[in-house]
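Note that the chains are named A, B, C, D, E and F in the order they appear, and that numbering of residues resets to 1 at the start of each chain.
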Amino acid sequence: MTNGTAPATPSTPRSTLVVTAHAGDFVWRAGGAIALAASRGERVTIACLTFGERGESATAWREGRSLEEIKGIRREEAEKAAATLGAEVVFFDAGDYPLITTPELTDRLVAVYRQVRPDVVLTHPLDDPYNGDHPAAARTALDARVLAQAIGYPAEGEIIGAPPVFFFEPHQPEMCGFRPEVLLDITEVWNTKRKAMECLAAQRHLWDYYTDLAVRRGVQLKRNAGPNLGLAHKTMAEAYMRPYPQVTEVLD
Amino acid sequence: MTNGTAPATPSTPRSTLVVTAHAGDFVWRAGGAIALAASRGERVTIACLTFGERGESATAWREGRSLEEIKGIRREEAEKAAATLGAEVVFFDAGDYPLITTPELTDRLVAVYRQVRPDVVLTHPLDDPYNGDHPAAARTALDARVLAQAIGYPAEGEIIGAPPVFFFEPHQPEMCGFRPEVLLDITEVWNTKRKAMECLAAQRHLWDYYTDLAVRRGVQLKRNAGPNLGLAHKTMAEAYMRPYPQVTEVLD
Amino acid sequence: MTNGTAPATPSTPRSTLVVTAHAGDFVWRAGGAIALAASRGERVTIACLTFGERGESATAWREGRSLEEIKGIRREEAEKAAATLGAEVVFFDAGDYPLITTPELTDRLVAVYRQVRPDVVLTHPLDDPYNGDHPAAARTALDARVLAQAIGYPAEGEIIGAPPVFFFEPHQPEMCGFRPEVLLDITEVWNTKRKAMECLAAQRHLWDYYTDLAVRRGVQLKRNAGPNLGLAHKTMAEAYMRPYPQVTEVLD
Amino acid sequence: MTNGTAPATPSTPRSTLVVTAHAGDFVWRAGGAIALAASRGERVTIACLTFGERGESATAWREGRSLEEIKGIRREEAEKAAATLGAEVVFFDAGDYPLITTPELTDRLVAVYRQVRPDVVLTHPLDDPYNGDHPAAARTALDARVLAQAIGYPAEGEIIGAPPVFFFEPHQPEMCGFRPEVLLDITEVWNTKRKAMECLAAQRHLWDYYTDLAVRRGVQLKRNAGPNLGLAHKTMAEAYMRPYPQVTEVLD
Amino acid sequence: MTNGTAPATPSTPRSTLVVTAHAGDFVWRAGGAIALAASRGERVTIACLTFGERGESATAWREGRSLEEIKGIRREEAEKAAATLGAEVVFFDAGDYPLITTPELTDRLVAVYRQVRPDVVLTHPLDDPYNGDHPAAARTALDARVLAQAIGYPAEGEIIGAPPVFFFEPHQPEMCGFRPEVLLDITEVWNTKRKAMECLAAQRHLWDYYTDLAVRRGVQLKRNAGPNLGLAHKTMAEAYMRPYPQVTEVLD
Amino acid sequence: MTNGTAPATPSTPRSTLVVTAHAGDFVWRAGGAIALAASRGERVTIACLTFGERGESATAWREGRSLEEIKGIRREEAEKAAATLGAEVVFFDAGDYPLITTPELTDRLVAVYRQVRPDVVLTHPLDDPYNGDHPAAARTALDARVLAQAIGYPAEGEIIGAPPVFFFEPHQPEMCGFRPEVLLDITEVWNTKRKAMECLAAQRHLWDYYTDLAVRRGVQLKRNAGPNLGLAHKTMAEAYMRPYPQVTEVLD
């Protein structure tokens, strides 16, 4: 109970909602957080706004696949990766490159919020000069989160509280204003994350890239890990930002 | 054990080091955090670099007191307030208005770090256009923290790890680049903080000012407190910044 | 005549335009500025883009009111508060939560600009992670202000000059990048502002909140008020930002 | 009485203190503000911390002058320019390139503050990657201003209030984080400023450079000058920043 | 071959794409860069999203011209100026004041990217509080550039690489967050730029304004020009920002 | 001749000055740039302000070495690494942890500037919350660079021009405000850099860390490398920032 809120009732495990632009994003960037939550018996729901069918599927296009085939491939891969991590995935099929934010899309996501009732939300940061779909997904995630709290907003389900939000790390962090504000120790679920990455066959070149990144963030975790000098050598980590203040009962 | 480190051994309670420019600073700005830690049986050490004898004692000067008298008054008040909160206070008597940073002052603080072995450090933010002593104290606190970690630095005692740092809230937060990154729920120790404030008789006008601030930060805490809609109405809080990333095993 | 412009002709009093997202915003955040201007015999027009019927009327929704009833309640309260302050209020009924910016909405506001011919414009800041309607209203206000200056823009009325703009203070200022750049002394109209706040019965919990804020900004005003040490003790103030440079004939 | 303070007594005209690093700085950057204040019968005191003898006197060094000769030339030029503007100049001779900030230098400036009792202070901005003396002078100006307000600070004279501060424009504004926050109309004293610039014979190449700058800032002034469309065509201006909030009784 | 890429084949000269909001923008802000590229035998294509018919043609409106007449005048002027510089201009006629970004407009620009295959892209910066059309054009330019790289995006032509982007200087640079990151020496094509400016008869007041600016940026170029002290006295320059990292084989 | 300056005379090869806090810094962070310059026959001089004897030599301290022994080890390693890269190294032995900036230290570096006459300068960024010696070295490097340009500054040798400056990448870039503004392709000298890293035996754990970093920056280089889609797959790179504008005759 570190965040100043009352404990959930025993029958309702903690719930995490991950909102991403493309089918693969949740694996590279938040696979560790998802696997950790699942390993604690919590519920994790991934809302993929698009399949990444146009912008993140170059290999399939070069092979001459059709749009529908590509969506199918991406869906299958993402479902396999989500299952590996222990999460459920929901596809919005809103169309990528560009992903266009509309009140209707936001409204669909409000419904998910009110159904999933997240204790924590993960999404993209709000800036990415290399891929406009990522900020579009993040804005939709944040807008829907605010609307889902309003009793006057006309959507099914009970209004929710204000869950904390974490931005996961973009591909080129320094160019997106990303600064690691939270370093999450994912050592114990690292193998699971690696297996989930390997479900994404078409992006094989990213497997090692994101393994190296986890090592790098692990080194930084140890540099910031407090007085415990004997921390095990090989720590794997993911980095996050917090757009809203942390609420806590203890400074640590 | 939310921050990814091994638990302290049972015989060593957690240790907090508070580094401030003037004798009263720790009460107004971190009294809640100090009282909370003390209430959990932890050790809190306050390093006051000066008594605030020139810059924060206008009433006493107007009454015609001498420099030594004023230092004595400030020391007594601060010791009383610290005792009320459950903390120990150490005075450096480095001279205020201006507090001048020197290698010797930093060195004295390194020795305190190695002796106190803090699990967490609280100090001023690095900018304050209204009072240069505050940034000077913060820089000294941060410099000493780094030196205390180096085996090659010639000071007594064992080297320490890298304790997390929190900047407490300055008097005019928006003018100092202060953004609440952590909201600490101090409701249960509020009465203790109020009593400690009342030890500082000469600054009576600040008692209500900092009470109002705690209410205000409490309102914000509730606006960011996650899905718990039924949070008790009157929450008191203190705000902090984190200059270093949070290390954690759970996103919440 | 501190801003380098020629005096208005005697028959045209100064005109202020306030553009807000919801019906209550102008009271909490700019009530002092409005009352001050009105007390000098100036004209103040408030453009409320929505009634705040979905996002700012939780109590009424809990009481089971219909959408139209709620709009009616909000309109009545806002008109009463505006009359108390000495201002006129115009409702756009553009729909809140979310307030969606459209060329049509901007066009309607251009017409108001050309009719009201403001000497000064007040609106929300451009960032607010807690409420997207506020930035949407601010963007509309700024866009319309630019279009209203262009002779080629097809709207009724004469083109206007470039009135200075002030952003009033949001609910969680540090989270919105708000820094007090202007502190307005509202002591002499404080009672009027308080009365206007009390017209908003459903938000009774904010009456004291915004009274405390006025005290706090008043303390800061005195800390920045120049060489006059004897300034009266109880000063009430409102804080503003300036997105455009101040134009002046004297530095003070 | 636009800034919320009581009027000065009739016998004490307003007082302006200008703190600069080098002998010529006040002419190029604040000559208009100085001439305007003087033209209103106000007192202006310029504190030049150095003569700019090493860093700003390349021509004289190339002519083979000695250090003392160069100081003499710079002093004479600066006195002539100050007299042209209607101001008095005080030299600290603290040594330039680099200007080193010391408690002693700050203390000498505190004494000037308490004697001059400024209603407004002008100095350099705090960043300048092309000339470290400028930020050093600005820091000294700001530190001394705070100390001069403290009754406990041991210097001659009565303590002062908190005068507003304005940063004048550096040579390469965008590289110094300079943003025009205040545009001062200096049209009516432009000829005086030009004459003062022409007192600085060795920097003849800057005469036109700073004339062009005044035209440029004048164009911007008109773009921000409010509803007065008929503003005279040739407006000359100087730009300033405000590190502290403006205090006012009217938004304009 | 300073940027790490293979040389273009001899038969394909380098290609530059300039994306602007209004018909005159490319002359004032990038005329030097365009003339330089053309003088090296390179291809330059200017995509004007609007004629600036409403927002940048006040004189013509005051003369009572019709919308179509004004578009014609602007088109003619812009074509003449482009020819003077040695570039080709394409008009999108998307409507200005406000320029509204739509997927269709972006799509039309993607087609231009794939056809022109730019080695370098010039456009407006992303912020401009004085003219919302400029950021709208810049966002369209950046979005289209990303889409044009995606094999999955359904547009005619081959996908392109990721050309470097440069933001040219806005009218009020400090208010738009503009910092000169690149200073381009345009001395040798200055006369050509001046002639192109003189094609824009209705904005005669800007001819000298932008001449002065080129002198000013030239002075700064010399202050940053490295060890060559003998650089010719009268250097003319244009300033640019880089939103993406420079890629190079040599640091200079 | 991409930067707008006249070519060096044939007999004077280009000169690079690298200013670092500790003996190992130049290898990890700028080894590629140094090896590239040397491979082109240019002169590279490394000014190490300290040996890193206290702060960067934990292993040696744990082995019980004396201060002088450690300095000797570090000197030897650094000289070997510099020789591998093709550079010369100069030790200032100014004492680390903390490295204290003094006018005397700056003066010694001014003399090196006037002797080496650099065409380009490499140093640390100005912020590093993990190691205050790095910013201290950077400030000294920048201050000395300005003084070395002034004819009035009393040091041996001819004054220099204003060489461009590059900040190399710190260990935790996002925490130091580091954004890759320049990506330098070091593929062809990678083996040399790796060999130089292997001269630093005590920091073996960094060999792979900085190899991974070069891969990562190489991936980003390719993402920003312009229209050349066929760029070789395995590109190694180093990232830099530019505190001063780039001066150029071509935008690429």
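Quick notes on this one:
We take it that contacts are C-beta pairs under 8 Å (C-beta built on N, C-alpha and C of every residue); 3 or more make two chains touch, one makes a residue touch a chain.
Remember, it's a predicted structure, so these values are computed and weren't measured experimentally.
Counting C-beta pairs in contact, the pair that comes out ahead of the other among B-C and E-F is E-F.
Residue numbering at the chain D/chain F interface overlaps only partly, since under half of the positions present are found in both copies.
Centre-to-centre separation of chain A and chain B, using mean CA positions: 35 Å. As a whole-number value, the distance joining the C-alpha centres of chain B and chain E reads 53 Å.
A separation of 38 Å divides the Cα centre of chain A from that of chain C.
For chain B, the set of residues that touch two or more other chains comprises 130, 175, 180, 220, 223, 244-245. Contact annotation for chain pairs lists A-B, A-C, A-E, A-F, B-C, B-D, B-F, C-D, C-E, D-E, D-F, E-F, with touch applied as defined.
Within the complex formed with chain D, the chain B residues making contact are 53-55, 57-58, 61-62, 70, 97-98, 100, 129-132, 175. On the chain F side of its complex with chain A, the touching residues are 130, 172-175, 178-180, 209, 212-213, 215-216, 219-220, 223.
For chain A in complex with chain C, the residues that touch the partner chain are 103, 106, 142-143, 146-147, 150-154, 243-245. Across the complex, chain B is touched by residues 2-6, 16, 33, 36-37, 40, 117-120, 122, 160-164, 166, 180-185, 220-221, 223-231, 239-240, 242, 244-252 of chain A.
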